[in-house]
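See the structures that follow.
In the two complexes that follow, chain A is the common piece, with chain B as its partner first and chain C second.
Take a look at the complex of A and B:
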């Protein structure tokens, strides 16, 4: 197929040769330059990375002091580290969280009881000021933080300040499953 | 040429596509969601008893879990004196449950063996009433002293409850297992009341 295409270009070469022959000697040059552009672009991208550990779950275990029924004051869970994240441009990090709520007991709790546990979720390492979200607050102005440069690095997500919705004098209703969610979002700025 | 032109167009599109579409897993916005889990097991707790201030009539102060009648019988008639007291227990159950009130002897019975044989005309066991209040429950156990045995009442509680279990013990004047106002045989009379907060 390629050999068959060759004759198609022959007239072009012939025209070029004729042009060279007709050019005056003063206009001749021993070198010539031509420019062509090679272009590409890298869009503003973010990659979420992977969550370290066996799974992505913050498992707090038993939430209450079984002698009192009150929320355990020493409640904690190991931090999660998101590794391999990057953004190729300036970016924002946002942390959002839902309070832990009883999944089986969905009715309004009786007097003296609660079915919700609040907490603060913090994502640090991406920005100077960690992004944090308090599920007990209606407004979380610190939930979104910005950085002005591209970045790659670990994000450490931690939970703290566990409180019983309605006040820590309330007991939690018994339930085999209390569930909340923390969501960390990276967004590249164009 | 048409083939070449088509190929060139295809290459151009591929190049444009590579430039505009991020690699797999890369977009301008990415999120990672992490569940937060826990559980609250079924818990019932019952704290130590306290005597409601000013509630007792003919009862001494509560000593540990012992509530002693001050003067069990009228010294002139030997008939039972009236007595009452209210005892409170701070308690909580975080699930629908049951409260059970148990009298070990079904009344106050001699426990020291000083009078093994009943005597005609004398009372040898004393009935009493235990009134219970817990959340939505208002009930009573009548320990009638007819037969020495375990007597109990059970009450279901349909919701988690926190507060005070209130127990009021009432001994009527002249209480007797034989006839009202019968003289009471000498001896040491005792019963044990047990309160259970438990799954239904």
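Take a look at the complex of A and C:
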């Protein structure tokens, strides 16, 4: 009887051993993993940079042809470069300008004279189409241009197309200072 | 069903034993066996999320570039391994902007940092991410020294050395990274 029983134990142990071997796979994994997120943000930000050169003034010198008193047709001034500008997101560039006006002679000029010089200011380098503003125009739809990506680079500001307000047949009143301003604005677009 | 049949057969054999004994007293040993599985458990991270907030300087000469960010600490309290020879493995993934537009020259959209898991073994498990400017290849892995004994401890994860590839301007947006801490057998580098 006993000799017959013995073979029965062997398969029994084999079953038990198999069960033990299978246990770790069913139990919790030996190692544990924990994950935590690290987050932060960067705001949409624009910085105007600095204007290269000694100063930020377009000096046009004498505005008129001294023989005729009319606006010189060849007026020009070297462009100004704004360096170190950036926007960290989509942005718009806007250029705004005020016509050059006589600073001392502020009264209405007599017939045949003008105290204002119009011009076109353009800001290029930031957008495919440069932003431009014509002081002679009431509406300047090209003054604001936008780009879809963050950008950093030089902006070149140039003046052109000088004209006498009221028509180039008018003469400019004498004045020690004709003054206008050009404003370039970068804005992050949400 | 086959197993059940075998057990019944064994019980019958055991039950028959006393009939074979000749003495007044008999002794039988019954083994009581159990086992404890090797186990490592990490405590819940506190805080569960590290929020660095706004990461760039908004004025001064470094405007738009990363500001000095102080070290951050995450605790994993009551972490343990019940066996000898465990180690910690840490995966560090750089913070990368969710923005997916083409990266423009002069900009980066990744913030790298070092995560170091201390208070387990002789040397900390540490890794420093090395994402490129466009945020690719953001994950690095490190493994600490082996802890020769079963141990329970409050683990401390320190995040430090926040930096931007080439110190470029950062693109605006929300940034997300992650730290994965794994505690397990040292032979597999902390991973089972």
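Heads up, the rule we're going with is that the second predicted complex is superposed on the first by the 161 of 190 C-alpha atoms of A that agree within 3 Å, B and C clash if a C-alpha of one lies under 4 Å from a C-alpha of the other, contacts with A are read in each partner's own complex, and residues count from 1 in each chain.
One rule holds in what follows: contacts are C-beta pairs under 8 Å (C-beta built on N, C-alpha and C of every residue); 3 or more make two chains touch, one makes a residue touch a chain.
These numbers come from a predicted model, not from an experiment.
J.: According to the stated criteria, A:29 is in contact with first (chain B), second (chain C), both, or neither; which is it?
T.: second
J.: Touch check for A:187: first (chain B), second (chain C), both, or neither?
T.: In the superposed model, A:187 contacts chain B only, not chain C.
J.: Return first, second, both or neither, reflecting whether A:152 touches chain B, chain C, both chains, or no partner chain.
T.: second
J.: After the superposition on A, what does A:160 contact: first (chain B), second (chain C), both or neither?
T.: neither
J.: Looking at the overlay, what does A:57 touch: chain B (first), chain C (second), both, or neither?
T.: In the superposition, A:57 contacts chain B only.
J.: Report for A:44: first if it touches chain B alone, second if chain C alone, otherwise both or neither.
T.: both
J.: Which partner chains sit in contact with A:66 here, chain B, chain C, both or neither? Use first/second/both/neither.
T.: first
J.: Check whether A:179 is in contact with chain B, with chain C, with both or with neither, and answer first, second, both or neither.
T.: first
J.: Tell me the contact category for A:79 with respect to chain B and chain C: first, second, both or neither.
T.: neither
J.: Please tell me which partner, chain B or chain C, touches more residues of chain A.
T.: Greater contact footprint in residues on chain A: B.
J.: On chain A, which stretch or stretches are contacted by chain B in one complex as well as by chain C in the other?
T.: 5, 8, 40-41, 43-45, 47, 188
J.: Which chain A residues qualify as touching chain B in the complex?
T.: 5, 8, 40-41, 43-49, 51, 56-64, 66-69, 75, 77, 80, 82, 85, 97, 100, 102, 109-113, 117, 119, 157, 159, 171-188, 190
J.: Over in the complex, which chain C residues touch chain A? Could you list them?
T.: Residue positions touching the partner: 3, 6-7, 9-10, 13, 16, 35, 37-45, 47-56, 58, 63-64, 72, 74, 76, 79, 93, 95, 97, 101-102, 104-107, 111, 113, 157, 159, 169-185, 188, 190-192.
J.: Please name which positions on chain B make contact with chain A in the complex.
T.: Spelled out, the residues of chain B in touch with chain A are 1, 4, 19-20, 22-23, 25-43, 45, 92, 94-95, 159-163.
J.: Hey, which residues of chain A end up touching chain C in the complex?
T.: Checking each residue of chain A against chain C gives 1, 5, 8-9, 11-12, 15, 20, 23-24, 27-45, 47, 86, 88-89, 148-153, 188.
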